[in-house]
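Here come two complexes built around chain A, the first alongside chain B, the second alongside chain C.
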Partner chain A sequence: MRDKKYARYPIEWLFPVLILVILFTVFPVGYAIYNSLHRILLVLPTTPFIGLKNYIEVLTSIYFKEAILNTLLFTVTTAPATVIISLGIARLLLTKFYGRAILRPVVLIPWAIPGSVAGILWLWIFHGQWGLLNGFLLKLGIIKNYIPWLMDARLAKFCVSVAHIWTQVPFASILLMAALTTIPKDIYEAAEVDGAGAFRRLFSITIPQIKGMIIITLIYECIMGLTSYDVVYSMTAGGPGGATTLLSYFIWAEAFKLLSFGRGAALGVIMAVITFALIMAILKAIPTDILVKE
Partner chain B sequence: MDEKEKKERLEALESLHRKVSRRDFIKGAVGTAAGAGLLLTPGMNHLYAQLFKKKKKKKKKAAPEGPINLEFVVWQYSLETIQDNIDKFTAAHPDIRINLTGYPWPTYHDTLVLRFKGKTLTDIIYNGEDWLPEWAAAGWVAPLEDYFPDIKQYKDKTANYALADMTYKGKLYGLSYYADLITFQFNEKILTDNGIDPPDSWDAVLDACLKLKKDAKIAKPFIYEYDQNLPNFYSAYVSQVYGRGGDFFDDDLNPVFADSGSEAIKHMQFLQDLKVKHGLLAYSPHESKVNIAMNTGQHAMTVMFNYMLAAMNLPPSRLAGQFNMTLMPGSSHACLGFAKFYCMTQQAAEDEYRREAAWKFIEAFGGGDYRIAKRRAVEKGLGFAALPLMDDPDVIAAWKVWIDMNKFKEQATLARNGTQTEWTGMWSEFFRPLIAKGINGDASVSEVMDQGAEKWIEYKKLLMG
Partner chain C sequence: MAKKILIHFLALVVFLFCIGPLLLTLFGGIIPDAALLSYPPKWFSMKPTLDYYNYIFRGKIPQSYEVRGAMRGMISEEARLIPHGMLNSAIIALSVMGINILCGSMAAYAFARIRFRGKSATFMGIVMCRLLPASALAVPFYLIVQALGLLDTKIAIIMVHSLLTLPFTVLILSVFFRRIPIDIEEAALVDGASRIQVFRKITLPLSAASMVATGLFAFMLSYSEFLYGLILSGTKRTRSLPVIMASLSIETDVAWGMLMSGVFITLIPSLVLAIVVWKFVVEGIILGAVKY
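Let's look at the complex of A and B:
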């Protein structure tokens, strides 16, 4: 039997780590909230307390409505698309075929590329004047004139979504691949004996067996979609107009383009609340047994 | 360690544990965090400043033992030439070393703000006319006139619009690196071959575009430098509105561009129609790409920095020699003139040794006998603010190859400044995406103008009361 006397100092042992958490999490969050309650415009000599005015100004600004709609649209399209594509890739990479050993690391490459660099790669593909895609389509005779992919509001939205999904698929594939390996093979064998086809096996065995991981991946991708910044910044910088301005980019623009650190901080807090609310909504929407079972 | 000692130690630890209960610990941790937060608040910074004021004043920095290292930050244009000029300067001044850092033009403003805000060592920078009031008000750049009264000698030798762009609250902040106009440029051969005169008005521009589309099968005769991240995206629009005789603000800095029937509204509508209704407008994200596009012969007209005419008209450009400029279309034919300049940071100004070294550098590059400006003008066709260079035979000889000097001088006399305030830079960042929407037809002209005016008024109230 363990002596209780020697197991009574958890706080003391945790203290060094808690200091780090306070320094790198509590303090920045607290400081952001503090900033959000002050008028911090870099060209002004003072930083007066203005209560919730930054929040009101941000929420009623013309760009906020556009940015929030863009962000939600971006998130609800890219997150499920990433999960679906990743599930397909994960299944493919678990299938034995010639060249699988080469394909597996190749699929991971986008994960190793920083988002800003990935953005530039996709810029070269989608560029209206010298982009790879236009050259390819023109050569095939599909188009007669170059398409300004990134200078048309609707096309630009599509292009940044494609680039973002490309950066997200590898990690999601790994998560789903790990989950797929846990499904016992005999279930599939039994299903095959019973005459279940590929789609039946997918919807009756694969998805139910890994739905917990699918939900986790979906939540993760929602967070990534909501906070995506680097790909958009390097591809379109929010343009044309505000067509691809996401909330995270808007935070940057408020702080470093419009020099309003107060509003930037208010936006950061708003974004944290939205992210939290969205995750809670997803968790609440799914049956409780799914995650527990996993 | 005997049993008694063990027991004593254990009791001591337990006593400590009792003294620091969980609640006490949490209280302490929150208190520490709050205290740390409070100590780092901007308000406390003022207190520190007061507390340590005397100490700071008494402290005199010793003279550096080796050469003085200066950080020179520029936007990325012709870095090899800059480095070559630096090498020549440091050869003549072995006590000064210059470390050159270049950032892309579209992100230059944001990057510099980060450098300033992060207190990254920065001594001399390229500055722009639209950023000077903002950076001066924030205390990031220093008025050279306060430290070096000799700088006044350059005022008489500087073009008026450039001098105004380098001056804030009556004090000169820099010496010019480059000054230019945003002009109307066209392919003279294409226009002549199709019996079109250089357009005198924007209606004439539309007629020319329609004729070129019909007769010369040029699908998009007008090409526009379209990138909302570029500060000159706004400047180019201003230049065109100036050509129409329009203005953006009245003498009291009230926005007049959104007034019904303003030239700014008319011109935005013109650009939107050219793009959406007639489909005659092509986009290009940067002037260097406009140059390439114009040299394909698929476009005949554009508006951009005048120095690009040199790039278009000189070998190895494919259609070199075919391009020309004319007065900005419109009733007044005015255009935007501006200056970019060498500026000293406040950081450098506060250190007497770095300040002196930085001034030597700025004067060598932006003043003196204007050797550097002349080199850029001759080699690259870059515009300049130094009036003596206007009559320099080498400059005239180099320029007449690619530009009609008389036409250029005529345009220069009609050039006007932009309106520069502490908030112009920030407002321009806000307004440029709106311009992009307006031209592209993603928003109505009235929406664009009203929203722009509203933001201007908001900034004005905030900064002027």
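Let's look at the complex of A and C:
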């Protein structure tokens, strides 16, 4: 209703959602902070208060350092790569060609696949002993011996990134595709008349026109990269050594493999802080007018 | 002309990139392990077989294993859990979809149509809670579910998945509801209809398509979700499909062909989902009005 009066709080409309949000967000955040200040080991009956000791232990461990470096490297490489590839695919899907009606839903498939299963698909390709990639390369005579894709620290990082990008491209493509359709066609026509080439049109029209969506997609992909977990779990289980151990996997291992819930919670708090810091940094780095316009 | 060839070539590359890994899985599931694992590779040296599928669905032990008794250990009981895991995943994802459509649309309606104090604070609270990284909350989630006595039940997983999907549903649906012309609703309210009646008789029918679409999103997220599925399900009883597949993949005594058959079975619902989501969500709503 358009009258100026405020209605009373419509609790009957909101309560199912609010109960879930309070039970599983407000409470857990408080609980995680509380846990992170106590020593909680499932094998011990008492949970003494230990202040910031969990944080100090976690922050000074070399495993944490490795996990955090891995995660940052993973995020700053996969997020832009995903956006660039997705922009290409989005543009392609809006071009007319034979079989487009088939390709369009096919592009969505990697997204509809559970991440842990996607990890297995790519394990089958990159497997060191019977992987298909090795088999093909050997048959074509490109390599003499099998390459241990997932046993070499650097190669394993690369392979995991490929698998992650594969799962992320569909959603990003659709976001960017939706943005591309909003660009008025006559801008391109005018540019073409003025003799602007394909690259010029890309950098002077397309990208500036959908800057807002590109940034939203980039932020989303950063969150996905920072919290990625399932692909790594089934592809490398964090190995070799700790080369592909990402922060999320590290938290899970700390809490549910080593059963140190206090340190797991401390890690969770640290991770939440990092995520927010990264989102804020991206938002700061871009001119404010973009988001206001959106 | 050259441009046309380039476009078709690129389309082919994208096509293979997206669907290639799936086709390779199909291939891996019908080739006997002996041929699959040979070095140098002789993939086509043996006849394709459906043994692995037979084992997963009917429990019939593959012939090649009976011949060589030593290989029996390669069969994992875990693979037999796949059909059950599919059922679990379907029940969980459908419930999540239902909860999203029901509760999500009610909350979204309140945000779209009712003026009340604390509206934007509540809205931001609901939407922002999704920005917390899932693994950061894993430990408290586990302890809460444990405290509620719901560990190892589907209810716990349904609740958590609903929380993960509801913010998105509320956000999208409130946008849709705002697009519906308000006049009809106001006329009904003036005529003495209650809010609930307006919601049920006018808003819901007018936005059925978008509600199904957002419901499908929720279904998809729930069907793929892994972390909480892993933490909250203990025994075989409640394990969802992604959890079973992940544990199969890191279990070393599983036959490779078996794993591949399992993966392919898992992929079939995803394939259907991708097509349905494209038709209803992407073409119907996101690209919607614009004809491209």
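Assume the second predicted complex is superposed on the first by the 275 of 294 C-alpha atoms of A that agree within 3 Å, B and C clash if a C-alpha of one lies under 4 Å from a C-alpha of the other, contacts with A are read in each partner's own complex, and residues count from 1 in each chain.
We take it that contacts are C-beta pairs under 8 Å (C-beta built on N, C-alpha and C of every residue); 3 or more make two chains touch, one makes a residue touch a chain.
As the structure is a prediction and not an experimental result, all values here were calculated from the model.
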item: Which of chain B and chain C A:K185 touches, first, second, both or neither; value: neither
item: Touching partner for A:W124 - first (chain B), second (chain C), both, neither; value: second
item: Contacts of A:A243 with chain B and chain C, given as first, second, both or neither; value: first
item: Contacts of A:Y9 with chain B and chain C, given as first, second, both or neither; value: both
item: First, second, both or neither for A:A153, with chain B first and chain C second; value: first
item: Which of chain B and chain C A:L259 touches, first, second, both or neither; value: first
item: Chain B versus chain C as contact partner of A:K284, first or second or both or neither; value: neither
item: Winner by number of chain A residues touched, once chain B and chain C are compared; value: C
item: Partner chain(s) touched by A:N145 [first = chain B, second = chain C, both, neither]; value: first
item: A:T47 touches, of chain B and chain C: first, second, both or neither?; value: first
item: On chain A, positions contacted by chain B and by chain C; value: 5, 8-9, 18, 23, 27, 31, 129, 237, 256
item: Chain C partner contacts - residues on chain A that touch it in the complex; value: 1-2, 5-10, 13-14, 16-18, 20-21, 23-25, 27-29, 31-32, 35, 88-89, 92, 94-95, 97-100, 102-125, 129-130, 132, 135, 138-139, 146, 166, 169-170, 174, 177-178, 181-182, 223, 226-227, 229-230, 233-235, 237, 247-248, 251-252, 255-256, 261, 264-265, 267-269, 271-272, 275-276, 279
item: Chain B partner contacts - residues on chain A that touch it in the complex; value: 5, 8-9, 11-12, 15, 18, 22-23, 26-27, 30-31, 34, 38, 40-44, 47, 62, 128-129, 145, 148, 151-153, 237-243, 245, 253, 256-260
item: Complex contact set, residues of chain C against chain A; value: 4, 7-8, 10-11, 14-15, 17-19, 21-22, 24-25, 28, 36-37, 39-41, 43, 99, 102-104, 106-107, 109-110, 114-118, 122, 125-126, 129, 131-144, 159-160, 162-163, 166-167, 170, 182, 186, 189, 220, 223-227, 230-231, 241-243, 245-246, 248-250, 256, 259-260, 263, 266-267, 270-271, 273-275, 277-279, 282-283, 286-287, 290, 292
item: Partner chain A, residues of chain B touching it in the complex; value: 10, 13-14, 17, 20, 22, 25, 29, 32-34, 36-37, 40-43, 106, 109-110, 113-114, 117, 134, 137-138, 219, 226-229, 283-285, 289, 293, 422-423, 426, 429-430, 433-434, 436-437, 440, 442-443, 451, 462-463
